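Order as written gives the chain letters A, B, C, D, E, F, G and H; numbering starts at 1 within each chain.
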Amino acid sequence: MAPTLVTSPAGHAGAGDRFARVSDHIDDLGYARLDTGRAARTGDPEVVYGAGKTPAQVVEILTRLHAAHPDRAVLATRLSAASREAVLAQLPDAVLDEVAGAATLGPLPPSRGLVTIVSAGTSDAPVAAEAALTARVYGAGVHRVNDVGVAGLHRVLAARDDLARADCLVVVAGMEGALPSVVGGLTGVPLVAVPTSVGYGASFGGLAALLGMLNSCAPGVTVVNIDNGYGAGVFAARVARNARPHEPGDRE
Amino acid sequence: MAPTLVTSPAGHAGAGDRFARVSDHIDDLGYARLDTGRAARTGDPEVVYGAGKTPAQVVEILTRLHAAHPDRAVLATRLSAASREAVLAQLPDAVLDEVAGAATLGPLPPSRGLVTIVSAGTSDAPVAAEAALTARVYGAGVHRVNDVGVAGLHRVLAARDDLARADCLVVVAGMEGALPSVVGGLTGVPLVAVPTSVGYGASFGGLAALLGMLNSCAPGVTVVNIDNGYGAGVFAARVARNARPHEPGDRE
Amino acid sequence: MAPTLVTSPAGHAGAGDRFARVSDHIDDLGYARLDTGRAARTGDPEVVYGAGKTPAQVVEILTRLHAAHPDRAVLATRLSAASREAVLAQLPDAVLDEVAGAATLGPLPPSRGLVTIVSAGTSDAPVAAEAALTARVYGAGVHRVNDVGVAGLHRVLAARDDLARADCLVVVAGMEGALPSVVGGLTGVPLVAVPTSVGYGASFGGLAALLGMLNSCAPGVTVVNIDNGYGAGVFAARVARNARPHEPGDRE
Amino acid sequence: MAPTLVTSPAGHAGAGDRFARVSDHIDDLGYARLDTGRAARTGDPEVVYGAGKTPAQVVEILTRLHAAHPDRAVLATRLSAASREAVLAQLPDAVLDEVAGAATLGPLPPSRGLVTIVSAGTSDAPVAAEAALTARVYGAGVHRVNDVGVAGLHRVLAARDDLARADCLVVVAGMEGALPSVVGGLTGVPLVAVPTSVGYGASFGGLAALLGMLNSCAPGVTVVNIDNGYGAGVFAARVARNARPHEPGDRE
Amino acid sequence: MAPTLVTSPAGHAGAGDRFARVSDHIDDLGYARLDTGRAARTGDPEVVYGAGKTPAQVVEILTRLHAAHPDRAVLATRLSAASREAVLAQLPDAVLDEVAGAATLGPLPPSRGLVTIVSAGTSDAPVAAEAALTARVYGAGVHRVNDVGVAGLHRVLAARDDLARADCLVVVAGMEGALPSVVGGLTGVPLVAVPTSVGYGASFGGLAALLGMLNSCAPGVTVVNIDNGYGAGVFAARVARNARPHEPGDRE
Amino acid sequence: MAPTLVTSPAGHAGAGDRFARVSDHIDDLGYARLDTGRAARTGDPEVVYGAGKTPAQVVEILTRLHAAHPDRAVLATRLSAASREAVLAQLPDAVLDEVAGAATLGPLPPSRGLVTIVSAGTSDAPVAAEAALTARVYGAGVHRVNDVGVAGLHRVLAARDDLARADCLVVVAGMEGALPSVVGGLTGVPLVAVPTSVGYGASFGGLAALLGMLNSCAPGVTVVNIDNGYGAGVFAARVARNARPHEPGDRE
Amino acid sequence: MAPTLVTSPAGHAGAGDRFARVSDHIDDLGYARLDTGRAARTGDPEVVYGAGKTPAQVVEILTRLHAAHPDRAVLATRLSAASREAVLAQLPDAVLDEVAGAATLGPLPPSRGLVTIVSAGTSDAPVAAEAALTARVYGAGVHRVNDVGVAGLHRVLAARDDLARADCLVVVAGMEGALPSVVGGLTGVPLVAVPTSVGYGASFGGLAALLGMLNSCAPGVTVVNIDNGYGAGVFAARVARNARPHEPGDRE
Amino acid sequence: MAPTLVTSPAGHAGAGDRFARVSDHIDDLGYARLDTGRAARTGDPEVVYGAGKTPAQVVEILTRLHAAHPDRAVLATRLSAASREAVLAQLPDAVLDEVAGAATLGPLPPSRGLVTIVSAGTSDAPVAAEAALTARVYGAGVHRVNDVGVAGLHRVLAARDDLARADCLVVVAGMEGALPSVVGGLTGVPLVAVPTSVGYGASFGGLAALLGMLNSCAPGVTVVNIDNGYGAGVFAARVARNARPHEPGDRE
């Protein structure tokens, strides 16, 4: 029987893979270590962190991981344009998300619970898309609310019911990073804020948004690293898939 | 019938109170605005942010809020030594947590779900205690694992089963802030990291720990502001009290 | 005839006084240089920057300036507790604003135009009060909207008509500094944002709010230094007192 | 009747567009959301933020917006070289400002009030030009005073009458950012300072100029983000077009 | 004959004293090392850095140094209030400069060349006074021009001839630190800029002034550490006392 | 037989104590956890981190640890003045190092290898003394070379043979932190640099020295945290006590 | 007889070469100064810092240095791709380490003592490889333990015996830089931590890892500059080659 | 008669040119303003700041300035490779300094006084060369001492007599920036330190060197901006050309 393999994509901003090294089921491709049995242990999928990998490496790892886990989608993130083309050309069963710069291979798991991704501007879309795809591959249902800027309160207010239905919110914003405070003031749903590097001058590559979110005046706001849609998606999926089904009136 | 009142403790690092201002049930004490009906709306308790308030103000607000919500504990945080003494002397039914610098008045709600608070050193105890008390008052069950330093792996490993049982983890650490990475590598439980200002020299008042946690190599780690045990407790309680009861084998 | 005198309170965060040095009408008290004729030149009042001055110095300068400008209020800002007491005791005609830590001596000018001061939390009150008093002494009418937190959208929306009536807005907020973005999205009125040093941990003494405001996604937002209510008041008064009277429908 | 459309150029440093999302008149091009009716609401023009958009997108949005607002100029900023060429080739009625990297399509509004743009060096010219064009499209008259360096006081002094005539000043400077202090000491006109990223070594991409301007010893100075000529232009135009006509002697 | 002694005031911001350790003529008081012969080597005076020293230590070191160098003034800087009182009471021949927080004991050297100290505000006076006294004790003539703010150009221009007469300029300013650029634009005299910690909010303890001065658009500007009047005085004296006497027309 | 005890002084900048928590021999005093058997495991002594502990706590822990390890000195660091007095009064056998702010109780171990501590100024003495005492208690011989400033090369050169004899160098300096580069250029001995918080203005509490040392142009220089004499002493002792005895000519 | 030559590769992060300039045996190639006799003086090898040098320069310097030191390997670090190709093509006896971006020419010295290099992720491999090769060329034996992430404790624990066997540890990690704390808690071996620039967003090019390591809660941890594998290798080799041979039981 | 012209090279780090704008003799080339008569006013030469200018612009400005000042060299700095080629090809009388990236056209002035430029490493050579050429064109004699690293004290000491002969020292260093402290400890000559951006990791583009120099423990050290060889050269020339001729024994 072919051994199952799990990659250890070193250096991922949310390195689920390093955890994999604990395992005894490790094989070495030279440029990556593969491990099996992790899905059984954690319920989390395998992930290939694509940054710094050649298209051929991305294709090979996806292929091996899919062979090892044919019944559970494998996720590849931060794919370069060349890697995206290689995936399209060589892995016809893969599904590519161009905005997220990510791909999946294999059937998505049934969804459990609901993660709602709120984003401020179209420039924040890649990070929001990465968070959404990640949460979905990690087993949560996903709903998106786009283009909800702080400077346009009516759209935020109009989405209030959508927000309250979620088991976990992911709020993505650059510039001053004020959206999580506004959203967090409207609901009691756990909220993960993702600062993006969208901005100019004194945004300092996302630092202004990061500080803004850490200092949010709304309670129940937590923060991940700049542009780390993947980490927010993992966290939110874990919250959502363990959530009780909503009952009428039991949450705000 | 006396009007029920809800404080709006302006300036709280996690200003649940500001949200309260939306309400129509607002009365004004001059130094604080009180609002009623919030508990009905959100399921969250009333909170008095004690920093910058006189002992007399703390006692008065606690008294009014307790009268308005006799069946649900009110929480007062960041109490000065003088405020703690005043609470002890004038509110015999209040329960004071000296380590957290916080007090409650009124019966705690039934607990739902489990938040586990992990802390690295005894200097981190006040922040961990604030997180623990907050999570409890917000309706979650709380378990604490203290003095689990990164430099002592055996104690971390020994607590592994405790960690896996939680619905949400709060990990409190100062200095290099490495504990969340280690804990996050052991479980798939959602994890909120709290950097503390404990440290010396180039810790820069908690900045080193904050940056360390934001850059954690373990996925599923989110972060709150430095020393913000309150915010972490609110978030974790919201996750935990909405969590499904554990079933054998359904979580790592 | 006694010479008229104008102080040159060196070191003011908004050193209107240094401008005074251009004048030929300068006298020297040793600890401060007084100048006359400035009011005639600029229409701005005389200002004593109280920080670092003894109570006796504050009283003496106020007295001299009032003698030189008996028909126009003189403003003293950043008064210590001791200076405030001295002003109360020795200058019975002075009007003390305890929240702003400031005093005026002499009749206020007629108001022209309207400055509306919006503040987020009660901790921001001293800065908002300094801005309000300054704008009034500089000749504008002033309206205040307090306790309008980002996390409570309804109160912001309820104040929308108030905001639109202003000739210039001053929005004061600490923590994440998001309020100017929200307010700026509601109106086309020129808006000056004032970050305050209210906050914890990674607020870094107002830096988070300052960066947030500089990166505001709402256009027409400008920013002054942290806690610089005086500077915002000066600027807003200059805008307001030169504004055309409102005509029905001519502004948003 | 053709629907009027308004873009929502997400991510603009001064995102007037996000405000647009409040509107009900929104259409979606996929890469941008268009909204109508904003001009009626605010008196502000439509703006296309060109950074990150393809030349084809810029041309399409300008075309649609111009069709929706044939009697009011639409502004496109931060145009790449390719976008500028496309505008020149495909929109013969557009007017391109090469220095500002911006274009307008449609008739400029009548000017009301006067904005004077002062710049320190020729390297600051693009930011000054963006501010000038923006203020003009937003409805103000514009006058420019170029190459007025701090190290050459005579030129500043020679321009003193020009400065005093303005309803709002925009002062653009890089390096140490001292020009606003000098100009602010000469007049009582409201002054918006724009730090530019012009500089070397410890200018840190405009941070030195930004800090200098925030700490200006002249009162009545407010600041926008680094290189944000657009934001300064919007603000100044709003001040100027609401200003009373000058009367002899009523302002310094 | 008693050995001559030279202190080694460890930790001085401009530790002329450390140089002294090269000498063979070193004696040890326990809390300070004294050295003789330095004056012969460098022409510089002996200096006691008073910060962190007890009044008794200051008095003892001054006494010993004066005994060793009876014909050349010894300088003591950064004296606490207690040390100043002790000097006054126990060293009747010492001359105390209260503003500079410094004292001299022994006859001043003949002056050679001219250092002109320009300061922006009265809050900058202590640093300017330290620079002035230091330059004088190091052998230069000193002229002071006070209260020359950037926001008041006429006073700067009025001092132009004074500035041009100097062999070296020391320009002291806090807040935005713009004065050196203005002064440096008026003359070709070598100019040392001293940022002071005077300022508020985003002045960050003098950082804004320091960055401003380092980025000065006027050539021939050099900078010393924040509040380091001593270092500027040493440098300027060295330049001035080696300067050729002015001849008519040979310098701007 | 009485159980041996080991403290766990939480929060130490070099928390040897946290390691202790791995042990099974742990007892709890409430404010500190004591552990036995560590000395046997590591050869390192027990350490009490005195900051934040009451005098009574310091005395009690020292007493217990000494009882548990009567034949090996226990070290207490960062003792407040009150704790130092209590140690003097109640532990007559303790040896207090006033400069280091530290004390030992029990016999010092035999020394093995040589650590040489070089310090730049007398203000650096407390950090150098802490490093020296720590290295000695950890089992190394210690030699000190004081007052070797960068600005006095002859003293550094005179100490060259002393430097070369060491098994490990600890170089302590504040301000610009240049001494390690100079010393590191003279020898091939492993060198640990300790930046101190001694300095003014733009030293930013030791940051300038820290950066200088990290960027040293001399190879073989490593760095510890600001003022962390304890950490440097531990490291250097570990290097020195494992070093081969010198043989003629085998090291530079 | 041909003169022996030693390069002085100015600008090396660990500029062993600058030391070489002390020598009298210096020859000048125009772009580099060569020196002989250093090996005799220090026992350290010659090093060519390849950054900024042309392939031809690298080949020429390596050739000359090898001729001068035919019996001791010369090291060239930071080689560009072009330089690596030139070395391969023109110096058939050179040994190229592609991962480290470095090459050696000449026989390696006998190894003395043991340096163990521990690295966290595959992205850290180049820095770890540079440290390993450097330590080996400097005369120490080297053992590597790769892919030991903080989030996978079992692999760290499994390597515990390997760690304890070393005379000096070099621990290489990016992101949060937590690995040195974990490793330092397991052994008493001297440990040099190397932060790498691997990371995203708020890692700020290695700053987060650097601060984490400086604040490590494990004692006996020292730190070098970001990505400075060379400096760590030099330091560790000096420690290791001077270490006593292990005896059973004499170290932890 | 052809008008004499002076450029106004906007944006120069040491913008001698802005000063030029004071003049009445200004002509405008569109991309630069030319001014005549400055040399007569200040004794300083005309300077073209080449960064951001096309080769054709550089050639044209040099040609015009040389025509206006045929008897005094014009300086062009920061020339791109293309501009250097154009100068070589089209201005056969120009003298190009390839290392400095600068050129002169016209006869150098007689030299007066002596500036000695000391540099640490070959990577610092471009900045040192810019300083040297600038000082020479500004009328001082120049002597260079290269490759004097802090880690090699003998070379510094060997140059001691050279250092003492100077009227002003310019010391150029990157990395930790320690060289000015060492040199400043050896002489009493006025010393201008120039930090360079040479370095790695935590050198942060020259910030480490800048902070090191500002905190130098040697008195009489002043600092210019990172890589600002031009500014240091201007300053040093002004000092040197005004210096008295050395007399035996009158300086250290």
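Simple rule for what comes next: a contact is a pair of C-beta atoms (placed from the backbone, for glycine too) under 8 Å apart; a residue touches a chain by one contact, two chains touch by 3 or more.
A quick note: this is a predicted structure, and the numbers were derived from the prediction, not measured.
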- Message: Please report the smallest number of touch steps linking chain E to chain H.
- Response: 1
- For the copies chain B and chain F, give the interface type as same if over half of its residue numbers appear on both sides, and as different if under half do. different
- Using each chain's Cα centroid, which is most distant from the centroid of chain A? E
- Look at all chain centres (mean of CA atoms) and spot the one farthest from the centre of chain B. H
- Message: From the mean C-alpha coordinate of chain E to that of chain F, what's the distance rounded to whole Å?
- Response: 37
- Item | Approximate Å spacing (C-alpha centroids) for the pair chain F, chain H | 46
- Item | chain C and chain G: spacing of chain centres that average the CA atoms, whole Å | 59
- Item | Inter-centroid spacing, chain G versus chain F (mean Cα positions, whole Å) | 27
- Would you please write down the residue numbers of chain E that are in contact with two or more other chains? 13, 15, 18-19, 22, 120-121, 149-153, 175, 185, 199-203, 207, 210, 214-218, 225
- Message: Please list each pair of chains that are touching.
- Response: A-B, A-C, A-D, A-G, B-C, B-F, B-G, C-D, C-E, D-E, D-H, E-F, E-H, F-G, F-H, G-H
- Note on the structure: In the complex, chain A touches chain D at residues 120-124, 147-155, 174-175, 198-203
- Message: Going by the contact rule set out above, which residues of chain C touch chain E in the complex?
- Response: 8, 10-11, 13, 15, 18-22, 31-33, 52, 195, 197, 205-207, 210, 225-228
- Task: Using the touch definition up top, name the residues of chain F that touch chain H in the complex.
- Result: 120-121, 149-153, 156-157, 175-178, 181-182, 184-186, 199-204, 207-209, 211-218
- Residue positions on chain D within touch of chain C in the complex are 12-16, 18-19, 22, 41-44, 167-168, 185, 188-192, 210, 214-225, 230-232, 234-235, 238-239, 242-244, 251-252
